[in-house]
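The block underneath contains the structure these notes are about, expressed in C-alpha cells.
Naming follows writing order (A, B, C and D), and every chain is counted from residue 1.
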Amino acid sequence: MNFSSDTSAPAHPSVLEALAAANTGLEASYGNDAITLRLRQRLADVFGTDDFDYWMTASGTASNALALSCFCPPTGAVLCHAGAHIAVDERGAPEFFSGGGKLQLLRGPDGKIGSEQLDEALARINHDFVHETPAHVLSLTNLTENGTAYTVAQVADYAERAHAKGLSVHMDGARLGNALAATRAAPAEMTWKAGIDVLTFGLTKTGAIGCEIILLFGKAREKKRELEARAKRSGHMPPKMRFIAAQAEAMLKDDLWMKLAMQANQAARRLADGLQSQGVELAFAPEGNEVFALLSDDQVARLRAAGAVFYPWMGGSQRLVCSWTTQAEEVDALLSALKA
Amino acid sequence: MNFSSDTSAPAHPSVLEALAAANTGLEASYGNDAITLRLRQRLADVFGTDDFDYWMTASGTASNALALSCFCPPTGAVLCHAGAHIAVDERGAPEFFSGGGKLQLLRGPDGKIGSEQLDEALARINHDFVHETPAHVLSLTNLTENGTAYTVAQVADYAERAHAKGLSVHMDGARLGNALAATRAAPAEMTWKAGIDVLTFGLTKTGAIGCEIILLFGKAREKKRELEARAKRSGHMPPKMRFIAAQAEAMLKDDLWMKLAMQANQAARRLADGLQSQGVELAFAPEGNEVFALLSDDQVARLRAAGAVFYPWMGGSQRLVCSWTTQAEEVDALLSALKA
Amino acid sequence: MNFSSDTSAPAHPSVLEALAAANTGLEASYGNDAITLRLRQRLADVFGTDDFDYWMTASGTASNALALSCFCPPTGAVLCHAGAHIAVDERGAPEFFSGGGKLQLLRGPDGKIGSEQLDEALARINHDFVHETPAHVLSLTNLTENGTAYTVAQVADYAERAHAKGLSVHMDGARLGNALAATRAAPAEMTWKAGIDVLTFGLTKTGAIGCEIILLFGKAREKKRELEARAKRSGHMPPKMRFIAAQAEAMLKDDLWMKLAMQANQAARRLADGLQSQGVELAFAPEGNEVFALLSDDQVARLRAAGAVFYPWMGGSQRLVCSWTTQAEEVDALLSALKA
Amino acid sequence: MNFSSDTSAPAHPSVLEALAAANTGLEASYGNDAITLRLRQRLADVFGTDDFDYWMTASGTASNALALSCFCPPTGAVLCHAGAHIAVDERGAPEFFSGGGKLQLLRGPDGKIGSEQLDEALARINHDFVHETPAHVLSLTNLTENGTAYTVAQVADYAERAHAKGLSVHMDGARLGNALAATRAAPAEMTWKAGIDVLTFGLTKTGAIGCEIILLFGKAREKKRELEARAKRSGHMPPKMRFIAAQAEAMLKDDLWMKLAMQANQAARRLADGLQSQGVELAFAPEGNEVFALLSDDQVARLRAAGAVFYPWMGGSQRLVCSWTTQAEEVDALLSALKA
C-alpha cells in the first residue's frame, strides 16, 4: 500500500528490455547515436508534426530549467502558479539556469492559474519600465500539482493571451500522459496546436527510469543550438545518450506511455471513488493519478497502522499517488483498512 | 576497429543485470533508496575509509562542476591544466556552476601541470589584493587528457603545496581506474591519502551506462548538504536514483571496474607496442587506455580505408582509445591494416 | 510643486562643498584614500559602536544586492515584503548578485511583513528537505515602501525570531533617516542593537548625490573580504572612492542627514494634515516623507492642471514624496490648488 | 612625485564646476534628466555620427562588464589579451555579468593580441561542436595595459577578421584619449569606422570623478534596452544620473578630455626621454601616459628614498603613470633624484 509517489515506482519491463537491446556495439556519443536519431520519427508520429526539435535529460527539474532558460533572459520573469513544481520543488533551478531570472507567482484554484490573475500579470508587463522585471514566459503545469488538468481550451486560451503580449509558452508535462488521459486530448491538441512553444514531456513518472524530453515546436526551434549548449554546460549531455533514447523509444512504442498513464489514472479513480463512497472529502477533483483526501487524524493513523504510505500535502489534505504499478488489490486494501 | 572513444562503448553486462535486479517494487526517491544507501559500505571498502560522503550523477561534466562549485566561490579561481577536460570540453560548466568563477590555466608537458607553473600560480595568490581572482582549488586530472598518469607521489606533492596555500584539491577521475592500473596504486593512496579533498570518480568510461561518483573526503564532508542542494538545483537529483546506484554497485563488486580498466589499458599497451614496432612515434607515453600516435597522412588514410575510426588530436597526433570492449583481434587488425 | 520622488532632488550644498574640498592632490584609489578611512570614526560616532565594517556604493540597488549576496547563498532565499524595493523595483538585482537565490514574498498591511506571515515562513524552513529553498536572510525595509515605519520593538522582535532560526537580518535603510525621525529612535537602537546584521544606510534620498553605505555589524564583519570582492567584481569599487566618502562625511557631519530627513518628514506631515483637513483619505499612515493620498480623478486632474507632479501608486492612491528641498510654500500651493 | 596611477589624480576643476551647476532644482531620475539627454548631441559631435546609443557608469569595470555581457552569452567566450584589464584586474566581472561566459586569453607582444594568435583563435571557433566554448566577442584594449597603442589600421584589420567570423568587437577605452593622442586618430576613426561595435569610453582616468560611457554603434544599438536592464539590475542606474552626465559634459566640452590626455602623454614622453637619456631601458614603447622602466634595485631604492611613488609591474619593470595633473617639475624632480 505505497501511495507515496509515482517517482517511487520501478520502470516498466519494456524499458529494461530496451536498455539491454541498446547495449550492443560502439555507438556515437552525446546524442549522435542511432537510437536518439531515429527517435525523431517516433516523436513526429506521437505529436503529428515534423516541425520540432528535441533534447532529452534524465530529470524533470533539468528539462524544465533548460527549457525555461532558453526563453527567459536573466532580466526577465516566468509566470507560473504559486504551487508549480518549478516554484516549490526545484530548489531554484529556473533561477540558476536562467542566470537569475525571476518566477512571478500567480494564484488560482485547483493548482491552475486564475484567469484574472493571468490578465493582471500580463497587463503589468512594461518593457519600457526598466525597474520591474517583465515576464517573458508563461509556464503551465499539466497535470497540475493538485492533480487537476487544464483542458485543451484553457491551454489554448491562456497561450493566446500570453502570445499576444509577446511571451513564449512552456508546458511542464511531467505528468502529460495523465493529463491527456484525463482530458482525452491528443498530444498535438494539448501542446503545439494549443500554442505550446516548448514542452517538457515527462516519461519518468509514467514508467521510465529517467527520461524527460524537451520539445521545441515551430518558431521555438531556433533555440535548438542554445538548448544543446546549455544542456552540455549543465551536465545534461551524458556521453551514452543512447540509454536515455532507448527508454523513450520503449515508452513511445505502441503508445505504452499512454496505456501506463491511463492505468495510473484508473487506479486513482478507483481510489477516489472508494474514498468518497466512505464519505471522505477530496480537496481537488482527482482528474489524473493523484488523490488529495481530507482525512481525519484518526483515519490517517488507521491507514498508517495498516501499512499505507503517503504524505501530508496542501490544505490539510493527504496526497495519495497511483503509478502504473498500482494494483486494484492495493487500492482495495487501503479502502478496507480505512473502513475497519 | 572503432577507437573513437571509451564513451562509445556499451556497458558491461553486469551493469544491465544490476538495473534489472533493481527494478522491483517501490523505492524511496532522490537518493533515499536502499541501493544508494548501501553503496556507502561498498565505497568504504574500495577507498579504505569511512570518512567520506558521496553523491552520484550520470555525467562527468556534472560531477566535476558540482564538485568544483562547492569549493570555488564566484569570486575565486580553479587552477587546472590548459588542456584539462574542465577547461576545454565542458562548455563552461565550471564557470556556470560556480556562479562565474574562473579557470586559471597552467601549462606543463604531457597533460600534467608543470611543477614550476604550479609554484608560480600558488605564489601569486593574494587574498588581500581585491582586483585579482585568487585560486581556491587545484584540479588534477588523472588519467590526464594526454593519456599519461600522475604518480601518487606527484599528486601528494602537488596537493601538499596547494593545501599550504589554503586551496582544496580536486581530482577529475573520469579515468581513475586507468590511472590506478597505470600506477598500480590503491584508490586510497591516489586520493585521500595523497591529499585529494574531493574526487570525481568516473565509472562511465570504464564500463557503466552513466555513473560518476563525487566523493568528499575528511574535512570536505562539511560540504555535503551544499553538494546535495546544488545537485538538486542543477537537475542532478533524478527521482529514481536507485538506477545510478545499481550501476555503481555492479561496477564496484569484485573490483569489476579495475578489471575493466586494466583490460582497456592492456589493449592500449598492445596497440602502442604494435605501432612502435612499426616505427610509429607516439606523442605521449601511453600509460592508460589512450594512444596518441604521430601517423603520416598516408597512414591515416590507409587505416581509415580499412574501416578504422579515430580522431585527430593535439600536436598533430591521432587519438586511439581502447575501452573494456576492445579485443586483441581488433587491435591486431588495425596493426595489420597499417602494415599493409 | 514637484512631489515625484526624493531621488529627483538635488544634493545639499554641503555635499558639493565636500566634493570640492576632496578634489586636491593625489589619493590612494579603491577605498584606500584618507577620507574613506577616516569615515570609520564618523560612523562609529553615529552608530555608537566600533564593531562594524563598511563599504560604499552610489546606488541603493547595488548596496542592497551586495549586502544580501553575502548572506544568501545561490541555494537560499531572502524573506521580504511582497512590496519591498528589492522585490519590485530592482530588476532582479538580488537574484543576480546572489547567483540565482530567491526572494520569498511575504504579505502584511502597511508595507510591513505580518507577524503571522513571518512565523509561517520561518516555520517552513527545513534545511534537510533539499527540494525547497530555505530562507537565509530576513530583509526589512525601514522606512517601508508605504511610507510607514517599523518601530524598534518590531524590528527587534522580528530579528530575534529570524535569528532563532539561523537567519541573518538585513535592513534596507534607503530612507533610514526618515524612519528614525518617525520613531525618534537612535541609529544604534534601530539597527545593531535591534539585531540588524547588515544595513544598507541610504544617504542619496536624504540629500547626497549617490552614497549608500553598507554596514556589517558584529559577527557579520566576517563577510568584509567577501563584500569587497563582490563590490569589485560588480563594478562597485570605483577608483576615486574619495568622492563617495566625501559625500558621506558631509552628510554625517553635525547630523546633517537627520536634519534633512526631519525636514522632509515635516513637509510630508504638513501635506498630510492639509489633505486630511480637506477630507482626503490617506492609504497609509504618513510616518515618513511620503504621503499616499486617495484622490478622486477630479482632484488628480485639478492638481496636475496646476502643475503638480506625482505618480499613481498602490491601492489606487497617489504618491506624494517630500524631500529635504520641499518648501512649506510648495506644500501650501498644492493644498490651495486642491481646494480651488 | 606620485606616479602611482592616473586613478589617483583629482578631477579637473571644470568637472567640479559642472557638478555644482547641475545641482539645481528637481530633475527626472535614472537617466531621464536633461543633462543626460542633451549629452547625445555632444557625443554625436565627438564621434561624428548619430547612429549610436549610450549609457554611463562610474566604473570602468562596470562599463566593460556591461558592454561584454550584451554580446557574449553565458555559453560563449570573449577573446582578449592575456594581460587585459578585463582578464587580470576586474575580479571576474566579465564572467559575473555574462552569467558564466569565458575569457579566452591570447598572447602577443607589447600588450597587443598577436596577429597569428587571433587567427588561430578565430579558426578554432566551431558553433557546431557543442563541447567547446565559441568566442562571440573580440575585446581590444586601447591604450593597452602596457602603455602601447593599437593603430587605427590594426584595429580595423582585427575587427574585420572578427566580424568575418561573426564576432562583435569591443574596445576597452579606459584610456581612449591617451590612445588617440598617441595615434593622432579621430574618435570616429578609432572606433565605429574601424569596426568597433561597442566602446567603453573612459573619462575617469582622463580627469573626471567617475564617468565611463558605453557606446553602442550601428547595429549594436539593438542591445540598448538589454543594456539598460542589465545596468539597472547590477546597480549601475543610480537615481541622480545627472551628476555622471554633468561630468561627461564638462569633459567633452571644448575637447577638454583630449587636452588632458595629451597633457598626460606629454608628461610621460618627457619622463621617458629623461629616463632613456640616463640610459634606462624601457620595457615597452611609451606611447601613452604610462612608462614601464627597467630600473635596477639601486635605482628603485634611490627614487623611493626621494619620495617617488610607483609600483613594480610586468617583466620586472616599474610602472610610472602620468595624469593630467603631472607637472613637468615633478617629472624633472624624479629624473634628478635618479641621477643623484
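Keep this in mind: contacts are C-beta pairs under 8 Å (C-beta built on N, C-alpha and C of every residue); 3 or more make two chains touch, one makes a residue touch a chain.
This one's a predicted model, so the numbers in the text were calculated from it and none came from an experiment.
Asker: Turning chain A onto chain B with a C-alpha fit: angle in degrees, nearest 5?
Answerer: Superposing the C-alpha atoms of chain A on chain B needs a rotation of 180 degrees.
Asker: Of all chains present, which has the mean Cα position farthest from that of chain C?
Answerer: Comparing chain centres, B lies farthest from chain C.
Asker: In angstrom, rounded to a whole number, how far apart do the mean CA points of chain A and chain B lie?
Answerer: Chain centres of chain A and chain B, defined by C-alpha means, are spaced 34 Å apart.
Asker: Could you tell me the distance, in whole angstrom, between the mean C-alpha positions of chain A and chain D?
Answerer: That pair's centroid distance is 50 Å.
Asker: Could you tell me the distance, in whole angstrom, between the mean C-alpha positions of chain B and chain D?
Answerer: Distance between chain centres, rounded to whole Å: 42 Å.
Asker: For chain B, what residues touch not just one other chain but two or more?
Answerer: 30, 74-75, 90-92, 96, 99-100, 130-131, 229, 232-233, 237 - these are the residues of chain B that touch more than one other chain.
Asker: For chain A, which residues count as touching chain D in their complex?
Answerer: By the definition above, chain A touches chain D via 30, 73-75, 99-100, 127, 130-131, 225-226, 228-230, 232-233, 237.
Asker: Quick check on the complex: what are the chain B residues that touch chain D?
Answerer: Touch residues, chain B against chain D: 74-75, 77, 88-92, 95-96, 98-103, 105, 130-133.
Asker: Would you mind writing out the residues of chain C in touch with chain D in their complex?
Answerer: So the residues of chain C touching chain D come out as 2, 4-5, 7-11, 13, 16, 19-20, 22-30, 57-63, 65-66, 90-93, 96, 204-205, 209-210, 229, 232-240, 243, 323, 325.
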